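The next block holds one structure in the form of C-alpha cells; read it before the comments.
Chains: A, B, C and D, in written order; residue numbering restarts at 1 for each.
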C-alpha cells in the first residue's frame, strides 16, 4: 500500500488533499514532475511515431487503432473541415476575429455553435443507424460485433462495394429500417444525416461510403451500419445521404459512441473555423457585422 | 466580364446582393450547389488521399506540404494534446460537461481559455525566435529563408543533431540573442517557451527538437529558429525549453506566422479537451465544482 | 408604398440588399443614423428615466412594466447573482480570468455553463408550475389569467401570505399537482426547483415567496403559480423550494415564458460571475487550475 | 484560534483540504449550509430591499452606493443595452440561437465578442480620461478625489451643465489634454470613446453627460473626468463623444477601475443580446447564416 493509499484508507493526515485529488481523477493522462503519460503511454514515445488522427483515437478510446481503421477516421476528419461562411460556426468565428479577441476565442465562438441542430446530426444519425442495426439482429442482437471479422451481420458487403453509392443493400433489414425511419419521422421532420438544403448530392458522400465499403469487404469493419444507411437512403429516395450521414457511417462502423460523432465533427470543423478566422484577421475589418454597413436591418 | 462582375460594375439590379456576397468573400472555400472546393481543391479529391495534419496545413496556407514537413507538423500537433486537469482549459471543459450543455459547448469552453497566458506562449516564442534570427542576419536579413535548401543560415545543423537536446549551436547569434533576451526580460519576467513550473525538464522537448534537427540536417527546414532556441537555452541555463518553445521551433521552421502557433495549439489541445470532457460526462456528476462539496472555499 | 417596399415588391434594383436587410429583420431595435429606438422608444427618452430591471423587461417583452411588477423582477434578479466558487459557472470564470483573456471572455465562459443542469432548473420549474396551474383549471383553462385581477384561480392568496413559507394553499389543485409531480418524477429523479444539495432550507426562498404573496394579495399578480409551487412543496415535504423554484414562481407570475427564466438567470448570475472574475484577476495567479499545484489529480 | 486556523497553522489533519479551500478563497461571497452572504450581507436582507444596479455595485465594490450614484450607474447600464444586429455581438447570438444550443450558450457567444475592439473602448477611454485628469493635477495629483465633495478639481461644473453637450470646460487641462491626445493618437488612429462610424451625433451622449453634469453640480461626483472628456471633444472637434466615451465618463466619475468599464458594458449589452437571441429563437430558422441562402459568398 502506497503512502497515498494509506492516507486515503484511514482518512489520514492528507484526507482533504486526497479528496481533492480524487475529485479530479482521470484515466486520460498521468502528469507528474517530468512525467507525461497519455492513456498510459509516455508522450515521448508517441511524438513522431503516431499520426494526429491516431492520437485522437488513442485519447478518446484508450487504445491505438490499426492503420486501416485510422485511415477511415482520418478520411472522415478531412471531409468535414469546412462548408464556407454560410455555416454559422464559420461566420461567427470570422466576426469574432474582428472584435479584438484572441484567435482561440474566435475558434471557441465557432465551436460553441455546433449544437444539436448545427453539429448534432451526425450524433443523431449514429443513433438512427444503431437502431436499424439492432432491429435487424432481432432480440439479443449485438450491434458491436467484431469489427475485424466482417460479414457477420448478415447482408453482403460485396454487393455494397459493387455499387457503394447507389447500391442495393441486398437481403437486409428493410422491414425494420422502414419502421425505424417511420418512428424517427414521426418525432421530427428532419431525418438526421439525409438531405441537404444546398446540395442535391453532397460531393462528400460517395468517397466516404466508398472507403467504408472497401473496408467492409476487407473485413476491416463489419459493414452493418453502412448497409443500414444505404437501406434508409433507398427507403426515402431520392433524398441522398449528406456529410453527417456519411461520417456517421464511418464513426459507427469504427465503434465510436454516438456523442463522439459530434465530438469528432468538432475537431474536424475547428480546422475550417481556424482557417476562416485567420483569413478574416488579415483583412483589417473592425467589428464586422453580418451584412455591409450600407444595408440596414429591416425594422418590423 | 461575367454577369456578376457586370452587375457589380454598374451598381446594377443586384447591387445589394453583390455587396453582401463580397462582404463574405473568401479564398478558403468555394461552396456552390454540388460543389465544395477547399483551397481550390474539390473535396472529393481530398477525402482518403490527404492526412488530417496535411489538411490543416492546406486550409491554413492554401497549399499542400511535402511529406517531411507534414510529419513535423503532425509531431507538434501530437505533442501538446493534453497536460491533465491542472490545466484550466481541461478542467473547465470537464466542469462544463456536467452542466447540461453539449459536448461542443464543453470543448468551446476549454478552448476559450487558451488565451495570451495559457495558450499564447508558443505564439510569443515564435516572435522571440524570429527576432533572434533576424538579428543574426543583420540588416537586410531574411528570416524566411529557403526551407528546402537548409544550412544557409550559418551554423551547422549537424552539430545540433549530434546533440540536439543539450548541444552547442556552434558559432552563432549569441551576441544578438543575448540582447534580444535581455529586451524581452525587461518587458516581462516570463520568457515565453522556456521553463516549466511543473517539469524540471519537459519530456516533450527532446523528441520534438530531435525531429527538427534531423529535418534541418536533411535540408527539409533551414534550422535557423532551432539554433536560435538552443542559443537562448544556453544563455539562460539551466532553464530548459518547454513544450511551447519546442513547438514554436517546429512552427517557425515550417514558416507558420506567429499567431498560427496559437491556432495550431488550439487544434491540438482540443483533442485533450474533448477526451476529458467525454470521460467526465460518463462519470455521472452534476454541476461539478472545482473542489469536493465537503471542502468549503475560505471566506476572506 | 415606400421606395424600399416598392423595390421589394418588384424584385427591383436592390433586391439582394433588401433580402439581406430582411434576413436581419427585428422588432427589438431600430438603428439608423442618429436614431436609436429600443422597442420603439428613443433611447434618449429612456436614459435616466427607466431602471435597469425595467429596461430588461422592456427589451424582452416590448412593453414597460408597472412599478410593482418591476420590483418583483428586480428582487428575483438580485436574489441569484452568486452562489460562490463551488458553482461551476463561477469557478470557470475565475480560472479564465487568469489565462490572459478579456474580462468579457471570462464572463462568457461562466455563462456558457448555465446549461440544462446548471441553469435550466428555473426554466423547467416554470413548465412544471404551468402544468399544475393548467391542470387545476380543467379543460379550456387559461394559465395566463389577468395578472391584475388576482385571486381568480381559486385558493386564497391571503392564506399564503399569512404563512407564505409553510402555508396551506387552501382548497386547491392537490389532485392535479400530485399527478403532475408523479409524471415529472417518473421522467427524472430531480424535480426542478425543489431541494438543494447544500442548504436544508434555501435562505432566498422565504423573502422571494413573501414578496410574491404580498403582490398576489394586492392583485398585482394572480398567485396561481405561487399556489401551485406551495402545493408541490407540501406534497414532497420536507424538501423545500430552492432558488430556482422561488424565482420560477416570480417569473411565471410575471408572465415570462419558461425559456426566459433561464435567460433572466443568465443576466442575474452574470453579476456574480463578473465580480468573481474581477476579484481573481487582482490576485495575480496565472493559469489557475482547479486545485493547488501541490495536489496531483489521482490517476486511475 | 479556530479549529480550521489551527489545522492550517500546523499542517494538521486537513492540510490538503485547507490548501484546496484557500485556493478558492474569496471575499465576494460566503456560502455555508443555510447561509448565503454576499459581500458580507445576508442575501435575505438584500432581496426586495436593493435595486439590481445597486446590487451590481455592491458585488463589484463591496459596498452599497448612495442613491444618486446608483442612479448614474443605472443610467449608464440602460444606455448601452443594444445597438442592433449590425453589432457582431448581437448577430452571433441570434445565429447561435438557431443552432440547437441553450439560450445561455447564445448569450455567452455574444458576450465573448465584446473584446478589445468591440467592447474595450469604454475601458480604454477611462484610462484616457484618467491620464488627462492626472496630468491636470500635476505631480502628486490624485485622480481619485472625493467624489462626494465635488468641484474640487478646478473648472466649473456649472458651465458644463449649462451646456453639457457643447460647453467650454472653462479654464482647464487643455495643454495637458492636448499632449495626452497627441500621445494616444500616435499609438492608434482610433481615439477610444470619440466618433461613431454610424451616427454623426450619438443620441446617447447628451442625456448621459447631462446627468453627470447635474451630479457634479450637486457634488455627487467630482466632475473632473467629465471636464476632461469635454476638453478632448473640443480639441478634436467636430468629432463628438460616443456611447463608450459617455459611459466612460460615468464609470470614471463613479470611481470604477478601467477594466470594469468593460465589465459593466458586458452586463448592459447582455440584455440586448438576450432579447435578440430570444426573438430569433421564435422565428423558426435553423442554422441561420449571415446572409440569405440565395446569396453566395464571393470566391476570391
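The rule we apply is simple: a residue touches a chain if its C-beta (ideal position, glycine included) is under 8 Å from a C-beta of that chain, and two chains touch if they have at least 3 such contacts.
What you see is a predicted model, and the numbers here were worked out from it, not measured in a lab.
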Turn needed to bring chain A onto chain B - CA fit, degrees, nearest 5: 180
Identified repeat of the B-D interface (over half of residue pairs identical), from B-C, A-B or A-C: A-C
Chain pair with the higher count of C-beta pairs in contact (C-D, A-D): C-D
Chain C and chain D: spacing of chain centres that average the CA atoms, whole Å: 23
Rounded Å distance between chain A and chain C, as computed from the means of their C-alpha atoms: 34
Centre-of-Cα separation between chain D and chain A, whole angstrom: 41
Chain B residues counted as touching two or more neighbouring chains: 16-17, 19-24, 26-27, 29-31, 84-86, 91, 100-102, 104-105, 108-109, 112-116, 119-120, 198, 290-292, 294-297
Chain-level touch network, classified as line, ring, star, complete or other: complete
Contact footprint of chain B on chain A as seen in their complex: 16, 19-20, 22-24, 26-31, 33-36, 38, 42-44, 46-48, 50-53, 55-56, 59-60, 71, 74-75, 77-79, 81-86, 91, 94, 102-105, 107-109, 111-116, 119-120, 198-204, 206-208, 210-211, 259-260, 262-263, 266-267, 270-272, 274-279, 281, 291-292, 294-295
Chain A-touching residues of chain C, taken from the complex the two chains share: 17, 20-27, 29-32, 100-102, 104-105, 112, 290-291, 294-300
Chain B partner contacts - residues on chain C that touch it in the complex: 12-21, 84-89, 91-92, 95-96, 98-101, 105, 108-109, 112-120, 197-198, 286-291, 293, 296-297
